[in-house]
Every structure is written in C-alpha cells, then in structure tokens.
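Here chain A shows up in two complexes: once beside chain B, once beside chain C.
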Partner chain A sequence: MKKSEINRARSLRRTQRYRLLFLLPVLIEVILVFVYPLFNNIRMGFQHYTIASFVNGTAPYIGLKNYVEIFSNPLMGKTVLNTLTFTVGSIVFQFAIGLLLALFFKLRFSLSQLMRTLILIPWLLPLIVSATAFRWMFDHTNGIINQFLLNMHLITQPVPWLITPHLALLTVIIANIWIGIPFNMVLLYGGLMSIPDEYYEAASIDGANAVQSFWHITIPALREVILIVLMLGLIYTLKVFDVIRVLTGGGPANSTQILSTWSYSLSFTDLSFGQGAAVGNVLMLITLVFAAIYIRAIRASLTSSR
Partner chain B sequence: MYFPVALPETMVTRGGKSMLRRHSLLCASITSLLFVLTALPIFANGQKESSSSSSGPITLTYMDYWAADPANSAMKAYIAKFEAANPNLKIERTSVPFGSLLPKALQEASSHSLPDILMLDNPQLQDFASTGALAPLDSFTTIDKSQYFPGPLSTVTYNGKLYGLPVGNNDLAIFYNKTMFKQANLTPPKTWEELLADAKALTSGNTYGFAFSAPTTEEATWQFEPFLWTAQGDLQTIGDPQAISALNLWVTMIKNGWASKSVINWSQNDVEKQFELGHAAMMENGPWNLPLLRKSTVDYGIVPIPVPKAGMVPVAPLGGEVFTIPVSNVNREKEAWKFVQMLQVPENLVAVNKAMGYIPAYIPAAKQLVAEDPQLQVFMDELKTGRARTNILGQNYPKVSEIVWNAIQSALVGTATPEAAFKQAQQQVNQALGK
Partner chain C sequence: MTRLTNTKNGIFLGLGLIIMVIMLFPLYWTIVASFKTDNQIYAIPPALFPPTPTFESYIRAFNAEWHQFISSLIISSGTVVFTVLVATPAAYALAHFRFRITVAVIVTLLLAQIIPTVIIANSIYVIFNNIGLLNTYVGLIIVDSSLGIPFSVLILRAFMQSIPTELPEAARVDGASDFRTFLAIIVPVSRSAIITAALFAFLFAWGDFLFALTIITRPGKEPITLGLYQFMSSFSQQWNDVMATAVIASIPAGLLLTLAQRYVAAGLTAGSIKG
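Here is the complex of A and B:
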C-alpha cells in the first residue's frame, strides 16, 4: 500500500478508538444499571430463590422447574390474556385520541400553547398520585364519576367500576389511556408540525378535500413518527405496574392481573423469587420481540426513504 | 422513561455491515463474561461497620415501618427515653413504608447489613428465623414464658426458641354504632344469626348494616380468619364445610346488600372511614382505630366477634409487630438486646401500646393498660384465645393466604359459589403445600 493510504487507515482506526473511549462511561453505566440486573434476573429464573437465598446466598439451580410451574399455573393464561387486552386497548385509544388532539392543536388558536402544556399534566403527575385519585373517583358508592353519571341521568344504578371482574379491566384501561395520551399527542404534534405546508397547498389546488389530504399526505408523512409512537407505547404499556397495583392490586379475583403485577406478587407476596423472575423473563421476551420489530421497521423505513 | 431514539444512519449502514456486527465476537465474549460474572457473588458482600470498642457511643441501627403517627411519635418517645437511660448508646432509626420493609430487609440481608434491631410484622418472623438471620434470645436471657399470652409468644417462637419479643398485639372485634342501634331498638350481635339480622335491619339509604375489608391483600385473609377459626375451620382445610359456612356469611351480606360491594377494594382504614361517616352501622376492625374513633363524633361500642352458635368461643388472628435482633457480633447483639428488653418494662409497654391502640403481650402490662382503658377489654379477652397466623403453616402462610383471599374475592364478586371457590382453593393449597 502507498504510505498515504497506510496513514489514512491508521488515523481512521485512531478515530474509532477515540469513539469507543467516549462510549466507555455510558457502556459502564448501562452494564451496571441495566445489563447486570437483567442477567441476574435470567439466572434467578433457573434457581430456587427464597428468603434464605438472600441471607445465606444459597440458591440451588433447578433447571426449568420455575418455568414449568408458572406455565402449568392456570393463572398464566388469564394473565397473558389480560396483558394483551390491556395493552391493545390502551394503545388503540391513546393513539387515536392523541392523534385527534394533535390535529386539533395544529389549528393554532390563541390559547393553544397553554392548553398544549396543560395536556402534559397526566404524563407529569407521579403515577401513584393519578392512580390514587382514579381509585377514589371510580369508587362505587362515593366516587365522583358515578355521582356525575347519576346526576346526568346517564345511569340509574352506580356502576361497580373496580369491583366487578370485567369492568375492573376496562377501568384500569381507561385510567391508562388518560395517562398515555400526552405522550402520543406530543410526538404526533411534533411530526405534524414538520410536514411542509406546501404539500397541503398543492393538494388543495388539485381539489383534494380534508379527508383525502389527511389520508394521502398526513398519514404517509407521519409514518415514521407513528411507528415510533406505536412501538414505544407498546413497550411502555407492557411494563405498566403502578397504575394497576394502586387501582386494584391485580384483583378482583385476578381479573386485572398482568404479567408485571403477577411477577411482583410471586416475588414479594408468595416469596417465590425464582418464579417471579421467570414471569419477569417471559415479559421481557415478549417486549424484546416487539423491540426487534421496531428496530427492523425503523431500519427498513430509513433505507427505503432514501 | 427514555426519549425515543431513532437509530442514526451511521450505525446502520457502514459499508453494508453495522458496527455491532463487525465486532460481533467482542460482543459475544462480553455477553458470556457478564453471564459468568453474575453467577459469582462478587456484589453480594457488604461489610457492616464493626463497633468501636471504647471510643465513644455505639450507634445501633433500627428499622421499622412506623413512619406515620401515632406509632411514629410513640417510638420516638421511647427511643429518647432509652438514649437517656443508656448514655453510651445511640439509636439510628430508619422508617420505611409498610410494603417496603420486607424488600429492604431482604436486600440488607443479602449484603449482610441488616440493622441491629429489626421490627417485623409478626407473620414474617418465621421466614427470617428459619434462615438463621436472627439471634435467639436464649443467648442473652431467659424469659418467663408464663408472664406472656401464649398466642403472641408463639409468633416469636421458631423451633422452640424465642427469636424476638412482641411490641404489642391487636386482633379484631365488632364496632357498632350505639346511636343507630338505640334508634332501631336492637342489641349488639352475639351470634351469626343476630349479626345477619342486625345488618339487615340497619341497612337503609346510604347506610350499610355491616362493613369489612376484603381487598387483594393479606387484609382480606386477616379479616376472614376470625369467622373462619371461630367456626372451627382452618386455612389448610379451606375446602371443608366449616370454612365454606364462614364464607357464606360474607357472601350473604353482599348478596342481600347488607354490606357494600366495595369491600373488595377497601382497606381496613377505608372501612373505619365508612363507619366514622355513618355509612356502616357495624364494622369489623381492630383496636388501632380507637385513637381515630375517639376524635370523631361516633358513639361506638365494641363486642367480640360473633360465634356461629351460642356457647362457642371467638378465635381471632393476632396482629402486631415484634422486635428481633439480627445476627451480627455478640457485643452488638447484647447492646441491641438492651433496646428490646427495656421496652418490655410495663411502664414503657403501656405507653407505646396505648399510643398505637395495641395490647401488650406481657400480661401484667396488658392488665395495667386495660385498667386504664376499659374499651380494650374485649380485645384483650380475645388475645387470650387468639391464634398466630403462622401457627400451623409457618413459612407457607403467605402463599396459602394469597390463594384464600383470591378465592374469597371470586365468591364475593359472584364469579364462583362459596363452595366452588373454596374447593378449588383447597386444590391449590394442597399443591402449594406439596401434598
């Protein structure tokens, strides 16, 4: 090779080394705070972990026994179904309402800035606070929601929101939708703002109406943002814990038990930490599948849009 | 929450292969190294500070979950008294929320940094004692067991040895609204029949006849146990007719509307509020509510848990907390023992228990407190026949309790009949106990 080529190769490698060095602090933090507990959990899934394990460090490996036990538990089917219902129900409405609100705020009326900031409040409030407020709002006899519906003559009997199995799941979904709307709205609004007005002007010159320009301009232009919002929303919702824990604790009769709350209950109520870790790993796998889909879709959209 | 990050193009398309792929061997080796590392107990050892022998006061660490009043002030007062009487000892107290005590204690156990004195909810002692994390009391002293109520003492006994002493105990009884009973010309219930009849008569408008707590936590099992055990049923035989009859009592209340359906979401605190506000004519609750009720306008009375048939004896579960001494070194344990021991002096027991609405397990102190506060008489009588929750089930209690409270809930919401719910629970209990 010519000398100049060798020098260029060397300086490239040096730059690469500097890049790795800059990454090092972040890598260490990620490994300690994220990767180490993750591997720990995977390992715990294969162990018989009890209180004694915390004190003495004894945690015998029992192979797949924890996984066999959780999958043969009739609660597993119910929990997975609840998780899916909860996730899909939350995402669909969070997204739809978030999109509607984003479109609404595109109109840029006088108080829109203030209102947009206020809409962020559900996202900013600590989940414990919102969940506790919801718990009392949805109370059967004393809750404000039932009072309101009764006074408006929309119902004749107070609705047992949190104390009937099928209604309880619906109620926690409603609470979660309220909490998730700001996240969707903010991202979709940002995406909407980046669509050049010229597209809409061109469309109106061609005679397109509102629905057509929405369908053929807005949605395709928002494709990447929609992808991000849906996938991240999915991953966050799969992890939801506080809302359900405070609203119903997983009840009544396990009707709002999802994988995250079940994992906690197995670990800290039953004190079977190995099984709790196993359920946690199952949840992680499901989340990983969606994360992989997300990364692949992002990659595809990046390469296709070039 | 992480902000959404779209992968930068450079990471994706560098000459067709991503940077990650090119260093795949490096990544694979890091991954496997990490996996091996986690199998090593490198991070599992913390060191507790060894006490300085002669250079100044020894600081003893103490953890409890009494962050709220009145227990908080009561503990602070006792600690101040202890420090005044023992100038060479200082107590460093940590109060955590109720649900955080167990996780924190486990975390400290694994890093060998448990406090010198650990307060536990009495069902938790069995688990901790079985791991050898607690010091048996016979290395410091011999306790005259006859001076203690047997039930509370059994909560601190493991394999025949004492591993702590009760701070105080509580149980459950029926509070009734004297005004409502007078107006309806009723006497407080003694049997289940009377309980149902009184609840029926007193349900009107916004007021339910009876209120109890049956949420998705230990509180449900705890509230059910008086009825279960008084009917001579038990948790490990939950499928038997006696247990089913106890559940039937509750289901009848809910079905007929004599108790609110919301009980499956109410904690005992919520139940107390309902009673205070006049939304419930009777409630099943414990003596710790007395400080609150006294501040309210309700004219209340207290009767023991009703029995299925006249002549039977109410059997209530024993609540309350205990002081334990985690194992460290002999000298520290001896100093920690002083803290536990001084509380057992009747004067101190009475002060703390009175503030918290508890009853001492030490019989002379209990008698003294009840003499000062006759409203506690019913609770003290039940203490004599009370049962520790971990009596038969020991470490299996939490698992079995969860099975039972889920079964109770499914019967209360109507997804299963009491018989079906408990028969299924019996199967699950047998499985959990490995039968």
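Here is the complex of A and C:
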C-alpha cells in the first residue's frame, strides 16, 4: 500500500469516528431508557423485591422462584386467556371495519375526503380522554348506551357493563376496537391508493364483478400492507394499558386483567416487583415473536440506503 | 376513476355521515356532558344537546386542574426540545453516512417502539428510585422522549434520504465540516419534517399516562392525563366536571390538529405510529 493510501484510510477512520458523534445522543438515550431498563427488568425477574429493597437498595436473587410463582398462580391462565380474547377480538374487528371504511372512502363521493380526515381526530387525542368518554357512555345508571338500548326496547333493565365479569371484557374490547379503527383505516387506505386503477379496468373488461376484483386484485395487491397492519395491530394491542386501567382497572374480579395490567398491579399494588417483572418478561417474549415477523416484513425498507 | 351518479353519491354521502356520527360520538358526548349542569348530567332521558349550556364545569375543572395543565405543558415542551435535539443529527447520520451499526440502531429503535411500555415502566421505577429521578420533570421528560424518538428518527431519516447527495457534497467540497453541513444545509431543508417530528413528540408526551402514573407518586408535578384519571376515580365523581377536564386535556391536540394539519397528515401517512 502506498503512503498516501494509508493516510487516506487513516483520515477516513477519523471521519467515521467523528461521524459517530451524530449518533451518540440517540445511543445514550436509547441505552438509558430502553436497553438498560429492559435488561434490568430481566434481572429483576430473578430477584426478590420487598419494601426493604427500596430502603436499602438490595434484592436477593432467588432463581426461578418468581416464574414458579406466577405460573402456579391461577391468574396466569385467566390473564393469558383474557389477553388472547382481547387481542383477537380487537384485531379482527378493527381490521375488518378499517378495511371496509378504507374501501368505502376510496369511492370519492362528495365530502368523502373531509369525513375521512374527521374520523382520524379521536386517534390523536390522549387515550385517557377516549377511555374516560367510554366509561361515561357505558355507565350503568346514566350511560347513554343503556339509555339508547332501553329506548329501542332491546333491553328491559340497564346492563351493568363494566361491573359484570363476562360483560366487562366485551366492553373493553368494544372500546379498543373503536380506538383502533382509524389506524387500520389509514394504513389500508394508503395501500389501496397505491394499487393502479388499470388493474381494475383490465379486470372489468374481462367481465369481473366487484367481489371478484376484490378477492383477485385488491387482496393480493395488499398482501404486504395487510401483514404489516396485522402485526402492528397485534403489537399495539399487547401494549394496551391505559384503556383497561381507566375502564375497569382489570376488574371486576380480574375479568379484564391482561398481561400488561397484571404485571403492573403485581408490582405497584402488591409491591411484588420481581413477579411483576416476570410477567412483563413473559409479555415481552410474546411481543418479540410478532416483532420479528414485522421487522422481517419491512426489512427491505430498513436496509435500503438512499 | 368513473364518476358516481347522483343517486349513488347521495347514498354514499348518507352512509358516510352515519359512519362519522358513530366514530365521533364519544367525542361529541364528552363535549355535551361538559356543558351540562349538575342536574342535567343525571337527567333521564339524557338531553342530546345541553339544554342551558354552562361553563360552570370548566371553571371548576380549571380551578382544580390548572397546575396539572401547566405540568403537561412543561413536560411536553421539554420532551419536544429534547427529542428534536437528539433525533435530528441521528437521522442525518443514519441517512447519509454508512456505519456498521446502522441496521442494529434502527432495529433497536423499532423495538423501543414495540416492546410494551409497562415493562420499561416497571424497571424505570426501580432505577429512578435509586438515582432520585422519581417525581421530577427531568425524569419524566427523559422517559417521555423515548416515546417519540424512534418515530422521529425514522421519519426524519426517510425525509433526509430524499435530499440529493449533491447538496451536502457541494458544501463539503467548499470545505464545510459534516457538522456545519448539517446545520447550514440539512436542517433548513428538513424544516417541515422536523416540525412533523416535533408535533408527534408533543402529542406522545401530552398523551402519556403510564409513565406519569409510575414516576409521579405524590401530588405536585402530575400531568393532566394523570389528573383526569385521579379525578375520574375519586368518589365525588361529577361527570360534567370530569368531562370538562377531558376536553381541557384535549385542547392542545385539537389546536395542533387545526393549526398544523399539513404536518399531522405527513406524520400519519408515514404509517407505523402510535404506541
């Protein structure tokens, strides 16, 4: 190698090191409030936390005892089942309604664009606000939902939505579906708009009807978008906390307890931070499965440099 | 695209209105309740429009919650500044320079968006307890930034990738350093993307409930989301006042939506947001 080349390689290395400074703040922040807490939570899963731990800052290691405790707790089965019901129930309807609305607003009738924009408003408000609105609407004695159903003669007695175990889960699912519809609609609408009109024109020349074009053109063309929407839907539903906390607090009798809310209440109500961490880690493992599928799906757009 | 006939257009318009009413009803019902009197709120059947609109609830709610509104403003503004300062240079570097760690950094940012917040909150509580950051604005700003930083870096990087390389390269030929190029060329060109990132960082921080619930353990610095929750769960639950608080808590989001529509739209179409 010639001397000038060595110098160039050296200066390039120096530039690279200098350029890493642009990334430094983000790296510090992400390590401090994401990577480290994550590993710390894994460690906490093996520790026994008591009130004393917060005074003297020590928590003894107890191996897998937290995991034994949570898996032998009857609430584990119940919470996992609730999480599954909540997630599947939310996603199926959010997605189906979101897709229907996306198809509907693609029709471009008068005011369709304005309406499509207005429907997005609730999405941008604090979740706490929407959840509070739902709590008021589903109120047993004064809620508008019961008043409406009574007026329509669909029920004869006010329904205790949020205080009856099997109804409470249904109610939080309904609220969560409503919250998730705009997100599904926006992403699917974006996908629909990227399908060239010529596809549909060609199909209609070949004599395809609307249903046939939907199954043979729209769905195949949307395949990638659908996968991404569903994975993000799963991921975000597993994250849900605010909605349940406000509507039911996980009750009555743990009937709306999902993994995220159970983890929190183990830590902050029962003060068993070790067990709370263990439940959180189980939730993390489940989330990572879907995260892997999602990241694989968008991999191409990540590595594309310019 | 074929034009719709008048009849079809009418039917669709009607259907669209029904859909919009259903989707916006919770919001409408919140606003209606906030303008009702103490008696009207419990009237059966409930009035679909406040019979004698009153600001009583707003006055009571504001008197009780104004300091929480200020807290929210401090926390959200701090988060915006911190997020933009941290995310913009990173986005530039990830868009224009080649690092061995580029993919690793991006995947980590995605995971930070994906991993349930409750896990981080559980761990952060213990960490902050040890280093004395519980019940501080700084603590809350640092963790709230983690809600917006991944989104901001990704959206800014996507935008900066669309800036032609000739632009920064010309500056470099003229002898400008990377940092100077970044400040003098990249930042001004990316202004609208930076505003979008800032706006969503604000909305994320303003809407945060879980971190506030975890980190603010005594009265004094709680943001309005936490205030609304505590107000609603209190025994003297007065729904018109609760709803007035909910409306107040929605004001900044509402303002930004009307004043900065263009930027909101840009953020929404960027896709994978909302944690």
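Things to note:
Here, the second predicted complex is superposed on the first by the 266 of 306 C-alpha atoms of A that agree within 3 Å, B and C clash if a C-alpha of one lies under 4 Å from a C-alpha of the other, contacts with A are read in each partner's own complex, and residues count from 1 in each chain.
Here, a residue touches a chain if its C-beta (ideal position, glycine included) is under 8 Å from a C-beta of that chain, and two chains touch if they have at least 3 such contacts.
Since the structure is predicted, the reported quantities are computational estimates derived from the model, not experimental observations.
Per the definitions stated earlier, placing chain B and chain C onto a shared chain A by superposition produces a clash between them.
Residue contacts after overlaying the shared chain place A:186 against chain C, while chain B stays out of touching range.
Of the two partner chains placed around the shared chain by superposition, chain C is the only one that A:134 touches, whereas chain B remains out of contact. For chain A, the partner that touches more of its residues is C, with chain B and chain C as the two candidates.
Contacts of A:57 after superposition: both chain B and chain C are touched.
In the superposed model, A:302 lies in contact with both chain B and chain C.
When the two structures are aligned on the shared chain, A:236 is found in touch with chain B and with chain C. Judged by the touch definition given at the top, the superposed model places A:126 against chain C, while chain B stays out of reach. Of the two partner chains placed by superposition, only chain B is touched by A:271; chain C is not.
By the document's definition of touching, neither partner reaches A:68: not chain B, not chain C.
Of the two partner chains placed by the overlay, only chain C lies in contact with A:34; chain B stays clear of it. The superposed model shows chain C running into chain B at a single listed stretch; among 129-137, 183-191 or 255-263 it is 129-137.
Counting contacts as defined above, chain A residues 35-36, 40, 54, 57, 135, 139, 187, 228, 232, 236, 268, 295, 298, 302-303 meet chain B in one complex and chain C in the other. If you check the complex, the residues on chain C that touch chain A are 1, 4, 8-9, 12-13, 15-17, 19-20, 23-24, 26-27, 29-30, 33, 41-42, 44-46, 85-87, 89-90, 92-95, 97-99, 101-103, 105-112, 114-127, 129-130, 142-143, 145-146, 149, 153, 161, 165, 178, 182, 203, 206-207, 209-210, 213-214, 225, 228-229, 232, 239, 242-243, 246, 249-250, 253-254, 257, 264-265, 268-269, 271-272, 274-275. Within the complex formed with chain C, the chain A residues making contact are 15-16, 18-20, 22-23, 25-27, 29-30, 32-38, 40-41, 44, 49, 54, 57, 101, 104-105, 107-112, 115, 117-130, 132-137, 139, 142, 144, 147, 151, 178, 181-183, 186-187, 190, 197, 228, 232, 235-236, 238-239, 241-242, 245-246, 260-261, 263-264, 267-268, 273, 276-277, 280-281, 283-284, 287-288, 291, 294-295, 298, 302-303, 305-306.
Partner chain A is touched in their complex by these residues of chain B: 1, 4, 6-7, 9, 12-13, 34-35, 37-39, 41, 43-44, 99, 102-103, 106-107, 109-110, 127-128, 130-133, 206, 215-218, 260-262, 264-265, 279, 395, 398-399, 402, 406, 409-410, 412-413, 415.
Only residues 31, 35-36, 39-40, 42-43, 51-57, 135, 139-141, 160, 162-165, 187, 224, 228-229, 232, 236, 248-254, 265, 268-272, 295, 298-299, 302-303 of chain A touch chain B when the two sit together in their complex.
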